[in-house]
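First, the structure itself, so that you have it in front of you.
Chain nomenclature is as follows: A, B, C and D, assigned in order of appearance, with residue numbering initiated at 1 for each chain independently.
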């Protein structure tokens, strides 16, 4: 794996794709060259009062033009700042970070929940086996169309305004979707449900976790998740989401 | 130009090390910078047995700083000795091992085990605000500081650095106690105890409720304490707390620190410690200062 | 929606006041905001006689905060009583008078003189880090805190707020001492002692060498202390330390403060205190909270 | 006096006029409308790690176009940030602040030292009595030409590279300049010398002082100077530079 240097990169373009959701393309040839689906980058604020990096998953990789795409929700002051960036503005980033998805299996379900949906897009592009996508939203949908190029897309919304009313597992059950592997990213309760579901069905699941980070490189032990076995590096039942993840096999971790 | 300093008989090529817990054992940041360019690497606190640390969230950003409540997760001294010391020994830098425990016996166990190891100094963390049983409780009482220092001095073959907590009424009292106990050097400051509340979730941001505040926000408190301690005891001081660049480091040195440690800054810039080394050189060149000792404690 | 709070029998229309020393007696900022919109104005510390304060520079910017060593310059209680109280009485707001002294007698003199005056509460500053003779020396020793509180309670007709220093090992000890002495409320925190060095001039930035650190940098320490004290004593708390906006203020309220004070933020935005009042209302509207008391200490 | 509200204003233009010295015009009609020579404005940093205002004197007032000009030296991170502002960028300012120069006297010397020179320019424009300007620099000169429209200009440089070698008083003595009033802004040692000189000559001197500030509005007592008499407001021998100054009569203050 190449080392993720901290660098200043330029914004190729940015647009709002839904209420509070932004899509930004960054000119970052080194990152684009090295990145794998499921990896993320750390974004740094320009304002010195906000020191820590903001981890954002890579949504698309365009090796030809040396660009990467991020899709993110404005959640606080850091992402608010990023949302104001325009073409040719620059920002500091570090990446690609972490271990992405392992491309494997015969028939896959790609599951994204809320702001966990973006990283599934590059995975959908790179994963060549038959697959369906299940996308869970609270209410407003985004990126849905872009997935349809890669297979059938099923949607769930909490309020039932589109697709299945309920969560992604409701959508899977309602549509009788079957597979031998699940790739998923989303809120912890969703991942917990998927882990149980995969165990029940006896299929493999790769889950992308989220945790508060400080260093983003594996040094501070801020971002650990509980692992089933004693971890090689930490020598306790903790794995680092930033370095050892963010993608883990469901059986590896306790949620 | 001389930037090397000698603390308790150990020579450091330059006065810059890493703050314990912000740099692991150097493996991760070793991919970004040449560890041989640092005066020393100070490792994450190590206990006699593996510690799992606190539940997450363990870190939170604050204005100009951050809170952490890692809870001293560490792989235990055996893995550390087998894996981390040999790794660091490949570099031309000194090794300072940060030691933690819950009881005096814990500390003694680690120090005894490390005393035969090829490490240069031991830094005793009696100031971690994030574990209930030990750490800070030792560091907030002068008698305890003196007693534990004495106990450890009996066992250590390497010089001992006592790392002081800023969460005290009078830091010089703790410094004097460490000196009385026979400490060879002092490190300060550890983190200030802080808290952050998520007003939308109406809950603590950290699972541990409180955490240790670090980063540039706390620098003025740290510089003040280094100055006070430098004027109260004869021991050499490793100064830390919010050092982001060489200018910040020089504040500590001028206040009386013989060495400085770069902590939270590593998270913002993996090259931070290296930049501090280079920036100190630049400053000395700019002002024609031949020896770093002309700067140590120069502001009275 | 109810935002009014009652502390020691005094009703404040909303839980927002100004932090002593950052707002004068309201005259200057009265040109920017309608003082009647604040729950109270807390005035700059006043002594029995005029104090000239410290030499300049008295203020220095730090990362996410500032240092001050004003040294409690004040016009003395007679001018304050003649000029500042009548000025503030024109507004529909409560008056909290911050009291300073060098000796117990000093404090007693001011409190006695003010006891007949038309002011609502007295806030006793036993925590100023910038005057050698008094202030903080009282606030760092539990016995002293209790004794002085008792003395002042004998003399005051208004309820008494003891303002605590964060430069202590255990703030709950000081809070308990104030409670034991009969205090009616507590204010916290005053500033953390800090220092800044100008590395190019190789000199202290402040003429006084050290100063009090305030501003958002210290907020996590302040929130933690408010939480600790709220869980240690029954007294109502005025919380402060780095409140820049309503979100920050709500952290203090949820940690257990019945009121909040806006300090350094006034310097950055003269409307800061007013914005806090309005922002608290907005938050309560957004979440359908009918009474501010549902938020006070709601995070456990 | 009108109240100085805190407001966001736009940059009309900015240019570097000497090594490390910048001239910026701000579109600020309210400030331009109210400002007097010798007053200053507070500039706020965009970076939240730098909280306190930077006081900068008003160098020129253009009421017609609603603009004010500032000329400043890059002294630290705040002024460095300002130096990067471009046309149409905006920044937060508060002003006009303080009491400026009182326009009086029969024959004046306007003395500026270093970065104390800029405020003398608007004064030179507004002061209609006969006057000469004495400008003291370390080495590199700036604004010199702009003053010549308003009277004779004498220069001193520390290194003697231009004009009188030495300080402004050396230039005054060398050129036998006489007047019944002095207006001056510059470093404290210079002002101290001018105060002594004015006393010796028995003439009036108005001095613009500099001090570290926090509130900039008279509330914090951070920026005081020693006054000869007990001050009306403070009831001690201290006056506030931001509110009662920055311009004082030489006899009012101890330097």
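Note that a contact is a pair of C-beta atoms (placed from the backbone, for glycine too) under 8 Å apart; a residue touches a chain by one contact, two chains touch by 3 or more.
Keep in mind that this is a model prediction, so the values were computed, not measured.
Colleague: Moving only between chains that touch, what is the shortest number of steps from subunit B to subunit D?
Modeller: Minimum step count, subunit B to subunit D: 1.
Colleague: Applying the document's contact definition, name the chain pair with more C-beta pairs in contact, A-C or C-D.
Modeller: By the number of C-beta pairs in contact, the winner is C-D.
Colleague: Just how far, in Å, is the C-alpha centre of subunit C from the one of subunit A?
Modeller: So the centroids are 46 Å from each other.
Colleague: Mind checking the centre-to-centre distance between subunit C and subunit D? Centres are C-alpha means, answer in whole Å.
Modeller: 35
Colleague: Roughly how many whole angstrom separate the Cα centroids of subunit A and subunit D?
Modeller: Here subunit A and subunit D have centroids separated by 55 Å.
Colleague: With centres defined as the mean C-alpha position, give me the subunit B-subunit C separation in Å.
Modeller: 34
Colleague: Give me the residues of subunit C that touch two or more other chains.
Modeller: 63-65, 216, in rising order.
Colleague: For subunit A, what residues touch not just one other chain but two or more?
Modeller: 48-50
Colleague: Touch graph across the chains, line, ring, star, complete or other?
Modeller: complete
Colleague: For a test of understanding, state which residues of subunit D touch subunit C in their complex under the given definition.
Modeller: The touching residues are 3, 5-6, 44, 48-53, 94, 211-225, 233-238, 243.
Colleague: Where on subunit B does subunit A make contact in their complex?
Modeller: Residue list for subunit B touching subunit A: 21-24, 27-29, 31-32, 44, 50-53, 56-61, 63-66, 68, 70, 73, 75-76, 79, 215-216, 264, 266-271.
Colleague: For the complex, give me every residue of subunit D touching subunit A.
Modeller: So the residues of subunit D touching subunit A come out as 46-50.
Colleague: For the complex, which residues does subunit C have touching subunit B?
Modeller: 62-65, 67, 140, 167-170, 192-197, 199, 202-204, 209-211, 213, 216-221, 223-224, 227, 242, 244, 247, 250-251, 254-255, 283, 298-299
Colleague: Mind listing the subunit D positions that touch subunit B in their complex?
Modeller: Answer in residue numbers: 48-49.
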